[in-house]
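Both complexes shown next keep subunit A, but they swap its partner, so subunit B is in the first and subunit C is in the second.
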Partner chain A sequence: MNRNGILFWIGATLFLVAALLMTQVIGNQYPFFACYVILQFIVLAVAWSILGGYAGYVNFGTSAFFGVGVYTAVFLFKAFGAPLAVQIVAAAAVGAFLGFALGLLTLRMQGIFFSIATIALTIIIETSVTNWRYVGGAAGIQLQRPLGTWPFDDYVQMLFFVQALLVVLAIAIARYIQASWIGRGLQALKDDELAAECTGVPTLRLKVLACVISGALMCAAGAPAAMYLQYADPSSAFNLNYSVSVLAMSLIGGTAHWAGPVVGAIVLGATQQLLTVTISSEVNVLVLGVMLVLFVVVAPEGIIGLIRRARRNRSGSKA
Partner chain B sequence: MTSPSGPQPPLLQICALTKRFGGFIALDNVSVDIRSGERFGLIGPNGSGKTTLINCISGAFRTEAGTVVFGDEDITRLPPHIRTRRGIARSFQIPRPFKSMTVVENLMVALDFASVSGAFVPTAQRRDTVMSILTQTGLASKADMSTLGLSQVELRKMELARAMATHPKLLISDEAMAGLSSSEVDEVLDLLIKLAGQGITIIMIEHIMQAVMRFSERVMCLDAGKIIAIGAPAEVMANQRVQEAYLGT
Partner chain C sequence: MDLLLDAVVIGVLLGCFYAAVSLGLSVSFGLLDVPHVAHPAFLVMASYAVYFLNDRFEIDPLLAGLLITPLLFVFGLVAYRLYYETFEKRGSDAGVRGIAFFFGIAFIIEVLLILQFGVDQRSVTASYIGKAWRIGDMRIPFRLVVAFAVAGVLTILLTLYLSRTFMGRAIRAVAQDQEALRLMGANPVRIKQWAFGIATAVLGIAGALLIIVAPVEPTLDRSYIGRTFCVVVMAGLGSMTGTLVAAIILGVAESIVLTLFGASWAPAISFAMLLGVLAVRPQGLFGRLS
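== the complex of A and B ==
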């Protein structure tokens, strides 16, 4: 357990050093562009699976949280010229609040009703932002990126590194939750909510907590996106594609372990980038759908489930 | 385990409890006191309201009228997990294990969440606690097995063990012997008697009459949501209305 912890933090440090080196060595903008999107999806997928995987409450509102993150940043930048760190922290706070409100209102409902409520949330918030003139309304808003600050030559490189930091943060949180009493409680309520409650698990409170953490991370992941694109508009910030992609990434990777959504986001995110560049952005939606169906049928526990099964078989055949 | 010093206040006081499902009255003005340390049998035909009463005691159902007092606290409005922490544990008629976990992990949930102190206890020590409960319930050899691999009788014992891990004052066993063979019934019954011997108050719902007779100090019979008889086991069995309820007229 402790050894695992040390290994994890060594890995995380190596990852961050590699990301930093990449910004210093590579001059071309495109790799940052592509990798940024994948990193963003890792954060979203890991955050999603805190509620969707550990607790088994399927959230279709990823795009709502993501979009709120985007627009928190837009608002703060336009109103106060707030720096990136402030934008992200504020977005996380707003996301936590939104998660708390959503959780309190909807998590008393079990199963599918929660999912439906999250879709409604997306629509409500998107409509509100569409009618908010200050941040550009339906037409969207153009933003001018500031210049890069040391040690980054370019602002996009900095955004890339910041998103890498968020990845480490998200994974560290998910990993902590999984191993702690919170994770055990969520797993229990996922298996059987009444039995969990009768074993002393405060199910509602844990679900709301998961929703708060998940929401905060999703919003934080969305905050740098406005600066990254130098543009924000409601229909792309609240695009349902985020919800579907993130759900697919988590399920394809596997939700029983924090590594699942990470693997899923890398595999699917990379495939999507590749397809968008080589064929078209329409095809990648098709591929996503096909992969999701394939995995649900063939490997319902995702890539992580496949790996576990393979390991078990190997140790079984040895014995 | 008879108390030498006069009458104690009851551990559980159910007063004028009524529960409706739409127009159907599942419990109709039920009042009963259960003494600390008592072995209490609850019988009645199918649909008579036994499990509904249990659900009202454990908090799974909200009641329309009446109160439930545990110790000296009114728990009528408390959610189930708080009642568990106060010391009410239960098993389920159809076993409800946490099926993605091993037997030990199932009990760990109880230890994590139902402990009154909330103080940090090292993992090794908590495993010792769990293992001693499993040894007591005869499940020690299954400790690291997935609950999916357990037999019916092992599942029943696991549920009782999980309930025990919450350190209950009151344990409610909801037909823990249904569908078991007669030797298995004896195993579970011996286990319940052993737990009662440790001072835990036990309410046992059961259809198997030999088990009820052997176990209970006092028996209550429900029919259509009403108490039709309460008293010493032999007395209740001999009651005309109880026999009618069971055999039909």
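== the complex of A and C ==
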């Protein structure tokens, strides 16, 4: 393992320890909830970037995956009283399968057609869940959280820590992909799919792989949400706001590096929580939209791109 | 059986209305290849403008739609210019960011409408809204008939414009081969900007029809993403006749499913058809093969 790798894992361990401490110190209050939401968005944004950033396929269906994750957990909990780990693993499996289907769609669709197809997928799944009586239909479903197990006094604290674990998992995967031949292949097919295919990059296999990983992570991120809120309903679980938030976080952070979506999710997620509390949730979506459009127009490489440019300028002026 | 016949008739009327709201997208996305995800948001925005004029000054919704048409035209010109300068001109990576750009615009419009008008449904008043035609046992809402007639006229006018006038032919030429047009000494960007203006201007009447047919709410654009894109893709990009046929197919399908299975399945139909068309016949029913 090289120096960067060691530093990364030290950082990840410190992060997990901090998360564990937070569960013990803060207790069940609003800041705790806000942090949980931000963690959740980090997973979603990092997962989105694996497909959207490296491969250049714009997925508007984040909410589809998130919602499927939520409802997989709801179903398993209601039917079998399954423990959290089972819920998350099952959600990831379902997400991987859904991602596989999405990957096959990329066979025939690119660009805007793919994006529209992902919206279509979201609405179709949402409508099906709305008509599924067992999990509550359009009215939603109430869930009773189980009691916490050691070392967590409260189930919510465990959910928080699990989400933090998912963050580390997602970032580790994104980091691995970026450095490996998979990332380079995806980069190549983003620039020119035909040229990549001609030079021997297995484009279809790579796209399907990216979709599967991205989908599994997104669904896994959704699974704890049902237990956290003790409630799930289709129109909020499949809300397109998830899609636009995650898209904005990834693009504003910058998609060229795995740190981009992390930075984007923290900055935007914190801003969102602040705005929702201080002003209103409408204004928060407005700010999100305006920032997305602004960044896309003015700073196409995102925050990461801005930092890189600033660094280059500084080293340029020194020399 | 009667029920089914009813559903088909209503579906055809509804379909013509869907054609009217999709015509603009058929030009902007179908002919110009602009990933215009914000089209339905523009449409709902036009509806709210019509609502405002109707509510405040008691102007007939269709007349109000005509009144805002020039404004929308200018809005379209500006929007395309912005899109062109930031994405098409720079070329690189326009795909991802262009789509994100319009998606962002759609959300901004949605929220601005919520902040201005609230989340409640809004509707207009006019003499022909609320009445119905009776033919035998069949009851046809008069507002659907109005929408049908106006939509038909709009489709014919736009088809004639694109095939008979100089500018209309130029728009179709720019869709076919931009480079050739440039070699002829014409400026493709100005033609495309004009076309995008037309595509947005059509939304004045379309928006009026939208609020005549049913009350609108700020997030209505989400379900119209499915309907308009379904119609335009099924039509085969840029075909006006195709738009009408595809819209009628969608209208009838929606109406039949509504009758047989109930309203809760309605939102998924257009999206399911869209997925089906994309998977099986991406060039659409009347598509130009590229």
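Details
By definition in this document, the second predicted complex is superposed on the first by the 314 of 319 C-alpha atoms of A that agree within 3 Å, B and C clash if a C-alpha of one lies under 4 Å from a C-alpha of the other, contacts with A are read in each partner's own complex, and residues count from 1 in each chain.
Convention: a contact is a pair of C-beta atoms (placed from the backbone, for glycine too) under 8 Å apart; a residue touches a chain by one contact, two chains touch by 3 or more.
Here the structure is a predicted model, which is why all the values come from computation and not from measurement.
Of the two partner chains placed by the overlay, only subunit C lies in contact with A:Glu282; subunit B stays clear of it. Of the two partner chains placed by the overlay, neither subunit B nor subunit C lies in contact with A:Ile141. One of subunit B and subunit C touches more residues of subunit A, and that partner is C. Contacts of A:Glu197 after superposition on the shared chain: subunit B is touched, whereas subunit C is not. Touch criterion met: A:Leu121 reaches subunit C, while subunit B stays clear of it. Of the two partner chains, neither subunit B nor subunit C is touched by A:Ile88. When both complexes are overlaid on chain A, the residue A:Val297 reaches subunit C alone and has no touch with subunit B. Contacts from subunit A toward subunit C in the complex involve residues 52, 56, 58, 60, 105, 108-109, 111-113, 115-117, 119-121, 123-124, 126-128, 130-131, 138, 240, 244, 247-248, 251, 282-283, 285-286, 288-290, 292-293, 296-297, 300.
Residues 29, 35, 37, 82, 86, 93, 95-97, 99-101, 103-105, 107-108, 110-112, 114-115, 222-223, 225-226, 229, 233, 264-265, 267-268, 271-272, 274-275, 278-279, 282 of subunit C are the ones that touch subunit A when the two sit in their complex. Residues 181, 184-185, 187-188, 190-192, 194-204, 256 of subunit A touch subunit B in their complex.
Per the touch definition, subunit B reaches subunit A in the complex via residues 58-60, 79-81, 84-85, 89-90, 92, 96-101, 105, 108-110, 112-114, 162-163, 166.
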